[in-house]
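Order of writing sets the labels: A, B, C and D. Residues in every chain begin at 1.
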Amino acid sequence: MIGNLAIVLFDGLAFGMLLFVLSVGLSVTLGLMNFVNLAHGAFAMLGGYVTVLVTRELGLPFLWSLPAAFIVAALVSVGFERTLFRRLYRAGELNQVLFTIGLVFAASAAAAYVFGTAQQPIQLPQFLRGVTEFAGLRFGSYRIFLIIIALVITGLLVLGLEYTRFGAQIRAAVDNQRAAQGLGIDVDTVFAVTFALGSGLAGLGGALAIEMVGLDPSFGFHYLVYMMIVVSVGGLGSIAGSFVAASLLGIADVAGKYFVPDLGAFMIYLIMIAVLFLRPQGLFGKR
Amino acid sequence: MIARIAAALTLGVGLAFSAQANAQDTVKIGLIMAYSGPFADTANQMQAGIDLYIAQHGDEVAGKKIEIIKKDTGGPKADEAKRLAQELVVRDGVDILAGFTLTPEALGAAGVADQGKKFMVVMNAATSIITEKSPNIVRTSMTIPQLNTAFGKWAFEKAGVKQAYTLVADYAPGHDAEKSFAKGFTDAGGKIVGADTSPMGPPDFSAFVQRIKDASPEAVFVFIPGGAQPPALGKALAQRGLTPPDVKLLAQGELTFPEAIESMGDTAKGIITTFNYTMERDDPTNNAFVKAYREANGGRSPDIYSVGGYDGMHLIYEALKKTGGDTSAEALVEASKGMSWESPRGKMTIDPETRDVIQSVYIREVKEVDGKLQNVVIDEIPEVKDPLHGMAN
Amino acid sequence: MTTPASSTADNHAWLRRQARWSPYELAFWLAVLIPFWVFPTYLTLASQIAITALFAVSVDLVLGYAGIVTLGHAMFFGLGAYAAGLLTKAGWGEPLSGLVLSGLLTALVGLLVSFMIVRVQHLALLMITLGLGLLTAELANSLGWLTGGTDGLQGVDVWPVFNHFEFDLWGYTAYAYALAALFVGVAAARRIVHSSFGLSLRGVRENLNRMPAIGSPWRRHLQIVYTISAGMAGIAGAVLTHTTETVSLDSLSFQRSADVVVMLILGGTGRLYGAILGAAIFMIARDQLSDMNPQYWYFWIGLLLMLVVLFMPKGILGGLSGLLRRLGG
Amino acid sequence: MSEIMLATQSVRKSFGSLEVARDVSIELPRGARHALIGPNGAGKTTLINLITGQLAPDGGRILLEGVDITHAPVAARVRRGLTRTFQINTLFPDLTPLESVVMAICEREGKAAQFWRPLTSHGDAIDEAHEILARLRLADEATRTTRHLPYGKQRLLEIALALATKPKVLLLDEPAAGVPKDESAMLFSVIDALPEDMTILFIEHDMSIVFTFASRIIVLVAGGVLLEADPDTVRSDPRVREVYLGSAHGH
């Protein structure tokens, strides 16, 4: 029984970590830049298709495709940010919503046109397939890999934001744009780099998601809701918040399905509503 | 200002207003499917089947030209399907309504086929009651009870499974599959030791797979929609060691679609599924169909949706030949009843009473053939009818 | 001090002018009758536009006038649709009373939900409305014995309107029925918007912080408008049930909630007619584009949304009225 | 002795370790024209927030006409006759002054929730709004959108909105903030003309205005009341001088 519980917690955590990698970029851009980027899921989808192309068409190993997914998603997003999104920073939330949802429509259609509507299978390296036995329990190797990646990302982000010059610039620009400009910080560049970082993480998340949840042109819509749940429950702009929220939701979802299968579909939503009703700013939110 | 907008709008509609060519020498077929949205792939495969049939057999039947009009529901959207059916009838003047990848959409449009007296060919949607909604409806796919009741019986009698656990997706087809498999299985003498339904959200099956493992059944029966779910479930089962030969894994054929097998790898070996069409079945009609289909679709293989569309067009063509071009629903339904032909799936007959297909139910197992994993037919249950018709009421 | 140029009589007159039916409005309501004679084969589409427009107007009341951004309003639309459908299944197929009953039921649910809604704002509000909507959809799926699950409700049988007008294949009755519902809905919404209550709602939207400082029980205002809006959305859903005799899970779906908000922003919020225009443009565009290209049409819809944001940030109606004002000098 | 309209009794408030209100006890008799002064950061706006309920005090009581309102919500206090204005314009940018004031009157009269009645049927409210706007020299701008009004007019509208609630006690938080000197004198003459039985407490930095219009002055320093006295006493009090000089040189 204890063993079962351990496995359920582990599986839930792994699923949560996938949600975390997919969402943390959105939390950063929404929290730091006040930009409602519903196209975040579209950048995740882009990362996924990059992985498919790199592994299948170029024949490179899966691990190589991960940085490629990050970089391509980051570069494409920064292109959009420089040319289009930046015009919307002052345009109000509703216009940001309309514009970015329009982008998701267009991206989804483009993906269907280029890659077709079928699911995209990928081949994992041998060491990520199958299971790793530990204390008599069988843990999915890929899930272990996911958890490690998520922990590394969390560590890098927290360190980067707290202890680097650039992190300090981001925090300054968020607190007070004008003051930051006065201090000689190039706010434009800070925003662009932050945006690229956030979208790059989405691309990485999309690449990592294929093995767990598949990839087709509706990915950008499908996972948007889950991303927004993680971001709102965790609290805008909080990396630790996203991490905790994603873990909580992943574990609660799997544990709920395991112990009370009839409530399985409701669990995530019930938790979200309860958390936000009691703490509208999210678990780690400041406002 | 508002008047101007209204004027501009009506002008826009006017431009799009297509003239109602009601020429005597064409047969118009309106296809209603979810070409976009989460079920787009089903529609695309079916469309490819339809296109292939027309390419092979020409677009003229009984001296009339076949004209196809495609309508996207973006669904599952019952109300959209109904509207599109109405518009196809009153504006485009179609003679035949066809397609219908999704059950709610077929049910939504059924009333139009009845009210508008149009022949309606359901090429996929698989809930039993659809054909009971109007005498003008004929189906060329299958029903879920047809496959799974027979499969349940087979599992007990032929595979020697005594007890099984069922896991189905939490939507109407899943519930149908659970019920019909259990019916066939328990009627034969088997025992269901547990039953779960998994939500349609993100495909994370770890909790359900653990529940199955806790129950340590002899066999697991699974029904889930195609797409992202099959590989995810296959992998989750493998991680818990719930794969053949330790545990018998039974499912409807979506679980072992080619993309899913590719993604699952060796863990797919030994999965036993039921379907009314198997791409790998060695048969001259089928081999020719598969070859032509792949050539026309950049290497993509056909599936049951493709065959549903292909056979649906065959039914329409042959019925039109029989009626000599008469497109009235009455004549076409009469012509369809009892029609029998060699399809890529094998022999199929339109049941004159229920207007559903009488066909073979195939039992397949994933095996390695020439170094490649694929579904191999291991048994065939011939001439199976839908067991539910006449029972629901 | 000289006597003020304006008098209180001027103020009365100015306020009356704000609320008056403009000639444009009258022309609009005449123009929507045109399809009966000129485009009789588009009446089913027109009826669904009218239904969606009524739904969008209900969302405009809460989003455009009271500033409650909701991503879960399909909850009420779908509840109304199911209520109307279940009523006919229970043997009462009379449509008009069905509308009223469905509207009352959804208003009641709206009232209950409103106690929760008015305690949160911003992202939390958005996500709670979204969560409640998703929960309702899941609930309808799991109550298959009542709702028919994903297959949809079977056996919906609606009696003729006024015991005389059958819902015909062409959609004459459907369009007339939906249009009448839309007109009544807009007239009611107009009255609400141009009441002292409507003014207070605009106050809430414009500056929530000031409302308590002028003694306003603004939470109660929001509850009232949310309840009215829920009832109106429910009626829109019931009209869909009556005109199509189908009820399915997608009436409750997140996509329907999101689409209606997209249409509303597209047309322009806080203008009532923006909701109607947005619904019409979105649905006509979708119909025409998907006819041309059933597989990839939504690429062009996406492009349309992006272009509207870039060039008409106040929505299409906002953009048009701005343009007109500039042309008029 | 005239009746005490508003009283605070040992009101306390801290943000973390920072005490922003230290046992503040003040009393405003009916018809008072009191000024609340003190250096930046003395806690003047915080005190108003505490009195009107935007902030909840950590301790102490607030009485309006002898009734304990310490825990009443903001809107309830307003309906009892305690209203404030804001130092930073807190207006309705897309409404006209006429609409804003009519709205406030309808809220006061409890008619705001009558969604079935056209606005134009509230004739008395419209007339009263005109009267208030005229009194604040806003009649000519009554139907212009607020966001397009000159800043000085917007400051007047701040007061008009407060007056529409028919306050018994009116707290004005720097009504002339950001207004040029000549205009601010005009603004205060408008305030001075308000009904005599209205109890008024205002925050103001310009000492000449304070000494002209206030009958009594409360000096707040570091969250506590340093002194409450008539203008002459305050003017000559060495501690007040020190605080102001000290604060001027202090940082």
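Everything below uses one rule, namely that a contact is a pair of C-beta atoms (placed from the backbone, for glycine too) under 8 Å apart; a residue touches a chain by one contact, two chains touch by 3 or more.
These numbers were taken from a predicted model, which means no experiment stands behind them.
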If you average the CA coordinates per chain, which chain's centre is most distant from that of chain B? D
If you tally the C-beta contacts for C-D and for A-C, which one comes out higher? C-D
Indicate the whole-number Å distance between the mean C-alpha point of chain C and the mean C-alpha point of chain D. 41
Gap in Å, rounded to a whole number, between the CA centres of chain D and chain B: 72
Report the inter-centroid distance (CA atoms only) between chain A and chain C in whole Å. 33
Chain-centre distance (mean CA atoms) for chain B and chain C, in whole Å, is 36
Shared-interface residues of chain C (touching two or more other chains) are 138, 141-142, 295-298
Where in chain B do residues touch two or more of the other chains? 36, 40, 44, 170, 199-200
Could you list each pair of chains that touch one another? A-B, A-C, B-C, C-D
What residues on chain D touch chain C, complex-wise? 52-53, 73-75, 78-79, 83-84, 86, 90-95, 98-100, 102-104, 106-108, 111-120, 122-123, 125-127, 129-131, 134, 139-140, 142-143, 161-162, 164-165
List the residues on chain B that touch chain C in their complex, please. 1-7, 9-10, 12-14, 16-17, 20, 33, 35-36, 40, 44, 70-72, 74-79, 82-83, 86-87, 89-91, 103-104, 107-108, 111-112, 115-116, 127, 129, 170-173, 175, 199-200
Which residues of chain B touch chain A in their complex? 36-38, 40-41, 44, 170, 196-204, 206-208, 210-211, 214, 227-229, 231-232, 235, 238-241, 259-260, 262-263, 265, 300
Taking the touch rule as given, give the residues of chain A at its contact with chain C in the complex, in rising order. 84, 87-88, 91-95, 97-99, 101-110, 112-113, 225, 228-229, 231-232, 236, 262, 265-266, 269-270, 272-273, 276-277, 280-282
For a test of understanding, state which residues of chain C touch chain B in their complex under the given definition. 22-25, 27-28, 31-32, 34-35, 38-42, 44-45, 48, 138, 141-142, 144, 148-152, 154, 169-171, 240, 244-251, 273, 277, 280-281, 284, 286, 288, 290-291, 294-298, 317, 320-321, 324
